[in-house]
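In structure tokens below, several structures.
Note that subunit A is present in both complexes that follow, paired respectively with subunit B and with subunit C.
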Partner chain A sequence: MTVLFYASAAVATVASLLAVTRTQALHALLYLVLALFAVALCFLSLGAPFLAALEVIVYAGAIMVLILFVMMMLNLGPESWARERHLLPRHAWLVPAIMASALVLLTLFAVLSAPQQATQAASVGPKAVGVALFSTYLIGVELASVLLLVGLVGAYYLGAKK
Partner chain B sequence: MSGTLDVIVRMVLTLALAMASASMLVWVERRLLAAFQDRYGPNRVGPFGLLQLVADSIKLFTKEDWTPPFADRVPFILAPTIIVATGLLSFAVVPFTAAGALVDLNIGVLYFLALSSLSVYSIMLAGMASNSKYSLLGAVRAAGQMISYELAMGLSVASVVALAGSFNLREIVAAQEGLPYVVLQPVAFLIFLIAGLAESKRSPFDLPEAENEIVAGYHTEYSSMKFAFFFLGEYLALVLFSSIATALFLGGGNGPWLPTIVWFAIKMAAIIYVFIWVRATFPRVRYDRLMAFGWKILVPVAILNLLVTGALVVARSAGG
Partner chain C sequence: MTAQVTSAAVSMTAAVPTSHVLAVAAILIAIGTFGVLLRRNLIFMLMALEVALNGAALAFIGAAARWGTADGQVFVLFIMVMAAAEVAVGLALILQIYRRASTLDADVLDTLQG
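Coming up: the complex of A and B.
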């Protein structure tokens, strides 16, 4: 399981980097989907199969598909790739790269200096997740549903306008 | 070691059976459609035309495998493999035999839903990478319809999960020992079948490949084995949906006298027969009506069904 975790974490990191650096939107999106898959595998290896399945269904299977759906309508061609390349010249990467590597170093330091604990291999089933969501985290769930309702009403208003 | 061998044998058997039944369905469907329409259908190659499949495969193998110069190469080649891969991977959780599925997954139902939602990528990538307007139109239609009906399908499955109290397909089948869920959940069964028709893009929901409007839809630019993969993927989806419907609503392999796998096959065949019957009976739906039906009728009914089921489950567990 540890091997699976580190392998999928590596894939997630590389795929996320490629998702940012690709100039063709379609390829960037495919790398992002790959990264989401890898993150789902990370969850699975940490003993959260329910979360892993939801990650694939919700993020890879629904949200990314909707973004792809919009991209289909945009008719992005070679001109847009050239424009994208023009938007991101070499020197534009410099400052973000420095900041990101500082963050990576800090995170590494924090992880390495923390007391080592044995990771518990216990797998958390769907029922346990459901019970936790509707007891301990009930307020969070309710707030999220209110937020979604706001989004729904907003979309309805915008759609019904004309 | 023998355990590993056993697993490998079961894997190969499951995959071979899935592939074989999906390819045989091409012939079965053509013969049945012919019977419905008072024709003979393919009956020349071998006894009853059974070898039609061989003839078709030779034709597809020997055709020129062409990638259009205007296509986005990698996604273009990736697309047909995704639909077959997601289809075959899903069979891992179908409990064909008494011993259960290949993988006794605790979240089997979610696994199936996840893979079926991923198969949309195959169609969308094919449509976008082909760089052709007919492919794009077909893919837009397919994606819209699959996303919409996935919701209704998930909700109809959720009411079964609520009744059985488990995402595990083996446990769901075991919970139907006395009474199959089709009796308790007729509405969910119907929604699941309709959504299955839409998800596998079969008539009357075959607008993504409506040949009189958009040539062949998302696989217009495909030829030879890549086209065959899309073809195979669609029939795999048909076999998969009928097997999942059998496990969720018809009590899987439960039944008297005959062995589990035979009962499972009989129930599956009945559902596949209905799917082909529907194709022979109903004309294609108009696209706006298809979407309106999905969102304004199917989804609300599924939510209502789930609400009532949930209330009953809670009332029952509170009462005793």
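Coming up: the complex of A and C.
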């Protein structure tokens, strides 16, 4: 499980990096799906099989297909790739790269200098998650359903042709 | 539900240290931030946000694995719900912006700047 975690973490990092730097939207989306699969494997190796399945079904499945549909509606062709390359000149990389690496270095320093604590090998299955979800966090489930309803109505209203 | 494993049992199994999980989560969040800062196309910025949200989800899973409880997993479920709602509304906004301005370049869409 340890090997699985480090391997999928490496894949997730590389795929995420490629996803945010590609100029072709579809390539970026496919790398993002790969990153999501890798993160799902990370979940699995950390003893969260239910969330790993949900990450694949909901995130890599539903949400990514939603983005794919919108990309198809936007008619992105070769001219959009050229425009996208034009939006990413060499000098534009510098400041975001410096800021992001400063962020990651500071966080890594803070996290890795803390006392080492091992994660527990026992996996927490769907039953335990369901029990916690519908007892302790029941109010959260209700709020989430309201949020989804608001998102649905909002997307319908904003997406309508006016 | 909160099956507490003793520290002896933890050290016996070669488990991933929590700090390494948090480190990967931090790297993913930094990549997402990098993407949002770098890209000027709204749809790419939305995708970079998804990367950052995944980093946050991984941090929660790492914490859940640290304590051996389901609470962290429940919060990842809420993150997914939030991401779904965010993507739905965000994509509807992107479609509407594209219909009105025929571009998704965030530098061109500066009407509110005054």
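The criterion applied here is as follows: the second predicted complex is superposed on the first by the 154 of 162 C-alpha atoms of A that agree within 3 Å, B and C clash if a C-alpha of one lies under 4 Å from a C-alpha of the other, contacts with A are read in each partner's own complex, and residues count from 1 in each chain.
Assume contacts are C-beta pairs under 8 Å (C-beta built on N, C-alpha and C of every residue); 3 or more make two chains touch, one makes a residue touch a chain.
All values derive from a computational prediction rather than experimental measurement.
*Asks:* Taking the superposition as given, does A:F50 touch the first partner, subunit B, the second, subunit C, both, or neither?
*Replies:* After superposing on A, A:F50 lies in contact with both subunit B and subunit C.
*Asks:* Please name the chain, subunit B or subunit C, that touches the greater number of residues in subunit A.
*Replies:* The partner making contact with more of subunit A's residues is C.
*Asks:* Quick check for you: in the superposed arrangement, does A:L112 touch first (subunit B), second (subunit C), both or neither?
*Replies:* Touch partner of A:L112: subunit C, not subunit B.
*Asks:* Would you check which partner chain A:V33 touches, where first means subunit B only, second means subunit C only, and both and neither mean what they say?
*Replies:* Once the two structures are laid over each other on A, A:V33 reaches subunit B alone.
*Asks:* A:M71 in the overlay: touching subunit B, subunit C, both, or neither? Say first, second, both or neither.
*Replies:* Both subunit B and subunit C are touched by A:M71.
*Asks:* Would you sort A:L138 into first (subunit B), second (subunit C), both or neither based on which partner it touches?
*Replies:* Neither: A:L138 stays clear of subunit B and subunit C.
*Asks:* Looking at A:A82 after the superposition, I want to know if it touches subunit B, subunit C, both of them or none. Which is it: first, second, both, neither?
*Replies:* In the superposition, A:A82 touches no partner, neither subunit B nor subunit C.
*Asks:* Contact-wise, after the overlay, does A:A60 reach subunit B, subunit C, both or neither (first, second, both, neither)?
*Replies:* It touches subunit B, and subunit C stays clear.
*Asks:* Common interface residues of subunit A with subunit B and subunit C?
*Replies:* After superposing on chain A, subunit A residues 50, 54, 62, 66, 71, 73 contact both subunit B and subunit C.
*Asks:* For the complex, give me every residue of subunit C touching subunit A.
*Replies:* 1, 3, 5, 10-11, 13-24, 26-35, 37-41, 43-44, 46-48, 50-51, 54, 57-58, 61-62, 64-74, 76-78, 80-89, 91-96, 98-99, 104-105
*Asks:* Give every residue of subunit A touching subunit B within the complex, in rising order.
*Replies:* Contacts found on subunit A: 24, 26-27, 30, 33, 49-50, 53-54, 56-57, 60-62, 65-66, 68-69, 71-73, 123, 125-126.
*Asks:* In the complex formed with subunit A, which residues of subunit B make contact?
*Replies:* Per the touch definition, subunit B meets subunit A at residues 72, 74-75, 105-107, 110-111, 113-114, 117-118, 120-121, 124-125, 127-129, 136, 139-140, 143-144, 147, 150, 167.
*Asks:* Please name which positions on subunit A make contact with subunit C in the complex.
*Replies:* Residues of subunit A touching subunit C: 1-2, 5-6, 9, 12-13, 16-17, 19-21, 25, 28-29, 32, 35-36, 39, 42-43, 45-48, 50-51, 54-55, 58-59, 62-63, 66-67, 70-71, 73-74, 83-84, 87-88, 92-93, 95-97, 99-101, 103-104, 107-108, 111-112, 114, 116-122, 124, 128-129, 131-133, 136-137, 140, 144, 147-148, 150-152, 154-159, 161.
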